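Pasting the structures here.
Shared chain: subunit A. Partners: subunit B in the first complex, subunit C in the second.
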Partner chain A sequence: MNDMNVSIKTRRKQMGASKVILLLVLAYLFIPVLVTVLFSFATQWHHTLLPEGLTLDTYRSLFTDITVLRALGRSTVLCAGTTLLALGVIVPMEFVVLTFFPRLEKLLQSLLMLTYAVPGIILAIGLIRTYSSTGIPMLIIVVGVYVILLLPIIYQAVKNSLLTIKAPELVHSATLLGSSPLQAFLKVILPCIAPGVLVAALLSFSILFGEFTLINMLVGGKFKTLQMILYETTNKDAHAASALTSAYFLMMGLLTLFLIKRSNATTRKGERG
Partner chain B sequence: MNNKNKMLIYTLPFLFFLLLFLFVPLISMIISSIKNAGGAFTLENYAEIFGNFFYIQSFINSIGISLLSSLVGAAAGAFVSHAMHSMSSSASQKILVCTNLTANFAGVPLAFSFIVLLGNSGILILLSEKLGIHLGESFNLYSWSGICLTYVYFQIPLAVMLIFPLYNAISESWLESATLLGAHKAQFWRRVGIPTLLPGILGTTSILFANSMGAYVTAYTLTGSAYNLLAVRIGSLISGDIFARPELGSALGVCLGAILVGTVLLNQMLMRRLQKDVQI
Partner chain C sequence: MLDGVEFSAPEGSFTTLLGPSGCGKTTLLRILAGIVELDGGNILIGGRNITHLDSRLREIGMVFQSYALFPNLTVRQNIAFGLEMQKQHKATIAAKVDQMLALVQLEGKEDSYPRELSGGQQQRVALARSLVTQPKVLLLDEPLSALDAKIRKKLRIQLRDIQKELGITTVMVTHDQEEAMVISDYVHVMSQGRIVQSGTPREVYTQPNSLFVANFIGNYNILSADILHQVAPQFIDFGAPQYAIRPETLQERGFSGCIELTATVTDIVMMGNVVQFELEAAGQRLCCHRLHRHFEMDFAVGQKKVLFVDPLDIVPIQEDSESVNHESMYSDKKAG
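So, the complex of A and B:
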């Protein structure tokens, strides 16, 4: 007993070093965010520890700026639409492979590895070389490549859900009872994996919302997303850019918090079942 | 059986996207890399890359920054996970939420925040002038040191996300058994803890390395195409209106792709090793 107390005490002492590092890392991660948020409320901030005055004017002009609102609209439509398309393409494929052709899964895994080795900048080269002179609108090409970009995220989230509900056995039972595999997918599997699909959807949306490389290189100024407006504003107006960055961080933060809550809820449900 | 094969129809849309938006572009990049501007097959693009110090320098810079940011990121991730491991699970969950929140902060918003903080007229730079420290003389955000600082930033949340779960492999009972057998805590970590975690941490480092090699937006927002990184060079070679040389950009893209495939294979090897160790 005494020994244990000693060991707990020394353990606490040794943890000290990594706790200090933890605090430093958290400071490093949050100071840029906090300073940007503070800057967005500042009237002026030069040569002083804290802003000289606070104002909401930056936000007021930001949220009444039609170019910003239009860009927000474009980003939302593009990201939500592409997310739905990607789910529609990837989820059925994954269901078929995992349920009926599990041996193909290895192939799929290698494919996922390949997508890790192909960052946006490489995809951009190939897509420009392939499609820029075909007359197909580059926005369509961006939507197409976004589906590929989302493959690892959606695949992983949906795979976990399919494994949890033991999809092959459910489908087997459903077909024994006389339903077709398609019916089994639509009426049994899909409702069961809906929470996992929702998590995948939100994660996908937030990834696309932050995407800049492909949309900027392939489409550029013809379809300005929020990221592009932010990029332009950083060179023009630091106050407006900091307000935009803060609003972006807040929005993504809320999405992340919701996501964490959802995925915690689904795992807990899974444990109970 | 017939029913089963019919289900393959539902994989067709995916195969369509895969072909059109992954395989065709990759192949067309590879073909373009062995052509000259006139369309004839040649290896001169590769000869130019490896004969021109400007391009070699972009490799050196990219690999250097990626090595540094992935090692620092993984080390920070390991220490943070270590500290979280010793806390109550609700406290460590809260920290995980914090690092997840900052994971959204990459690319343009990240670069901009650091400009506000440490740019030419950044808050900390001006403040240090006033205090007489003159931080601006020794630190330049738009150079190697600044790019490293921003790259390490976006590596840390990913590192924590990947390394923290590894600690689940080390159960409390191992430490207890080791202590009962007379091992000190330091001995336990040196002989058992670190060897168990190491493959996973190295695997994470390789993912971080790949993440940084392919990163483009943060450096582009900070320096335009002024700082010589591989991804930035590719960007300016394929999209610059005046200096566009897509064939050369393709060849650089193939080189970057080869480095990344190597990194991913290394990661696979380490992960297999990890799985084997943990099963034992």
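So, the complex of A and C:
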């Protein structure tokens, strides 16, 4: 009996220590965010612990600023369009490789992972040197680069989905029932991997939305995205920059929560299946 | 890798490819389905050469080991899939699907998704889906291996009944020799990419033509010729290096023409409806099976027993896998 009591007390102490560490880490990560959000609502905040007053004026002027709205539009169109293009290229390619050429899968994975090896600035310089005199608009080059950068992210998410549903067997089964591989892909595979593709799409969108280095170096002022506006605003108006950052945090936070919810739902569905 | 495999499955028969994991039986099945390419040879169905035909055009149905049911479709939609690919009329599809649901006893489950079904129900949906398109040949890749023992025993009889009712030529792959014996008309035993013995279940079970088959099928006692002479001096040697004796053929009562065999009981193992008696003779382990009936349990550990076996049940095992008709060999030797 005594031994049992000792072990229970020890476990409780360990759990308490873990919680404290977790809270400290969360505080380290979120206090700057909270301060930024608070600052975005502040009228004046120089020498006091909390803001002297709160106002929505910063947000009001920000979201009525045509420059900001256009930048938001450009970012959304660029990121959404590139994500859709990347999915349109990678998902069918991955399906074909995993189903009909499984021996090439390891090679494909290695090639895709190479993109992690190239830092953004090196990539940007290389692209400028290669394509600047070809006449191809740099925005198109950016889209192409973004698709390549998304390859490993989409690849892994889609691969997991395809393996979970045992896609090759489903395709063989459908083929023996008289369907073409394309019909099998559209009628069976795509609906089954849709949750995984959606997670990959949202993740890709959020990554591209936050990308600054390549778009700034390759296109610059000709196509101002929200990240560029944020960079410029940081040097001009701290309140506006905080408001823009807070809005961005909110958008990404909601997207992440949705991703987690979808991902958990996909896991539970897989466990039941 | 397959090594010169050749076999035939008569129309309307249930043929089984039986062998251990890795022997090539599933690969062979997939070649028949057109999922795996073959390097050489021919596949003929009803005289029609389908060797290089796309799997869509082979008129072959297949039930995969994992069933491969479409998770996004209901039971009805799964079964109807092949008919929709054939662009059949909606009313015809509905009628055929209902017919199949009745055949596999899944009425009431039409609107369920595969994840909501038990393993046995999923297997029946997979079977119905393959049969509804009326293929010329049905391929079954270890269809019962994912099920527990009791369900497996029930379903294999159902499978057999459905096959008989429809008269569809069926080729099944399994590593379970009991399953192969129960439902097959013909059995081809495979090892290392080759068919090593073919025949009816009775032929393969009672007349193994090689050490591999004797070890794989049933629980054969394998004795070398020398040891057999020591334990059964009356035995007439056919010149084979080894001999196989089924455990259920070792009897406690003698009969005319039988061979006597002396051994000591070393263990008694209760296996359910069968009791296994382990014996030792001339340093060789033997086992004897009895149906589990209490008044026949006249064995005790340490007891010396004289057992009797019909000479026709002592099967000579040659080094190669050529069949040996030892019945005629025995009668020739006795006459000589």
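Simple rule for what comes next: the second predicted complex is superposed on the first by the 263 of 273 C-alpha atoms of A that agree within 3 Å, B and C clash if a C-alpha of one lies under 4 Å from a C-alpha of the other, contacts with A are read in each partner's own complex, and residues count from 1 in each chain.
FYI, contacts are C-beta pairs under 8 Å (C-beta built on N, C-alpha and C of every residue); 3 or more make two chains touch, one makes a residue touch a chain.
Treat the numbers as computed from the prediction; the structure is a model and nothing was measured.
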Does the subunit A-based superposition show subunit B and subunit C clashing or fitting?
fit
Just checking: does A:76 make contact with subunit B only, subunit C only, both, or neither of them? Give me first, second, both or neither.
neither
After lining up the shared chain so the two structures overlap, which partner does A:61 touch, if you call subunit B first and subunit C second: first, second, both or neither?
neither
Mind working out whether A:180 is in touch with subunit B, subunit C, both or neither, as first, second, both or neither?
both
Between subunit B (first) and subunit C (second), which, if any, makes contact with A:166: first, second, both or neither?
second
The answer to whether subunit B or subunit C touches more of subunit A is B
For the superposed three-chain arrangement, provide the angle subunit B-subunit A-subunit C between C-alpha centres, rounded in steps of 10 degrees.
100
Of the partners subunit B and subunit C, which touch A:46 in the superposed model: first, second, both, neither?
first
Regarding the shared-chain residue A:248, is it in contact with subunit B (first), subunit C (second), both, or neither?
first
On the overlay, how many Å separate the closest CA atoms of subunit B and subunit C?
6
Touching both subunit C and subunit B, counted on subunit A across the two superposed complexes:
175, 180
Subunit A-facing residues of subunit B, complex
3-4, 6-8, 10-11, 13-15, 17-18, 20-22, 24-29, 32, 76, 79-80, 82-84, 86, 95, 97-117, 121, 123, 126-127, 129-130, 153, 156-157, 179, 185, 207, 210, 213-217, 221, 231, 234-235, 238-239, 246, 249-250, 253, 256-257, 260-261, 263-264, 268
Of subunit C, residues touching subunit A in the complex
33-35, 54-56, 58, 60-62, 64, 66, 68, 70-73, 81-82, 85-86, 114-115, 129-130, 133
Counting only contacts in the complex, subunit A reaches subunit C at residues 165-166, 169-170, 172-180, 183, 188, 191-192, 269, 272-273
Please output the residues of subunit A touching subunit B within their complex, sorted ascending.
7, 10-11, 14-15, 17-19, 21-22, 25-26, 28-33, 35-36, 39, 45-49, 88-90, 92-93, 95-97, 99-101, 111, 113-130, 141, 144-145, 147-148, 175, 180-182, 206, 210, 212-213, 217, 227, 230-231, 234, 238, 241-242, 245, 248-249, 252-253, 256-257, 260
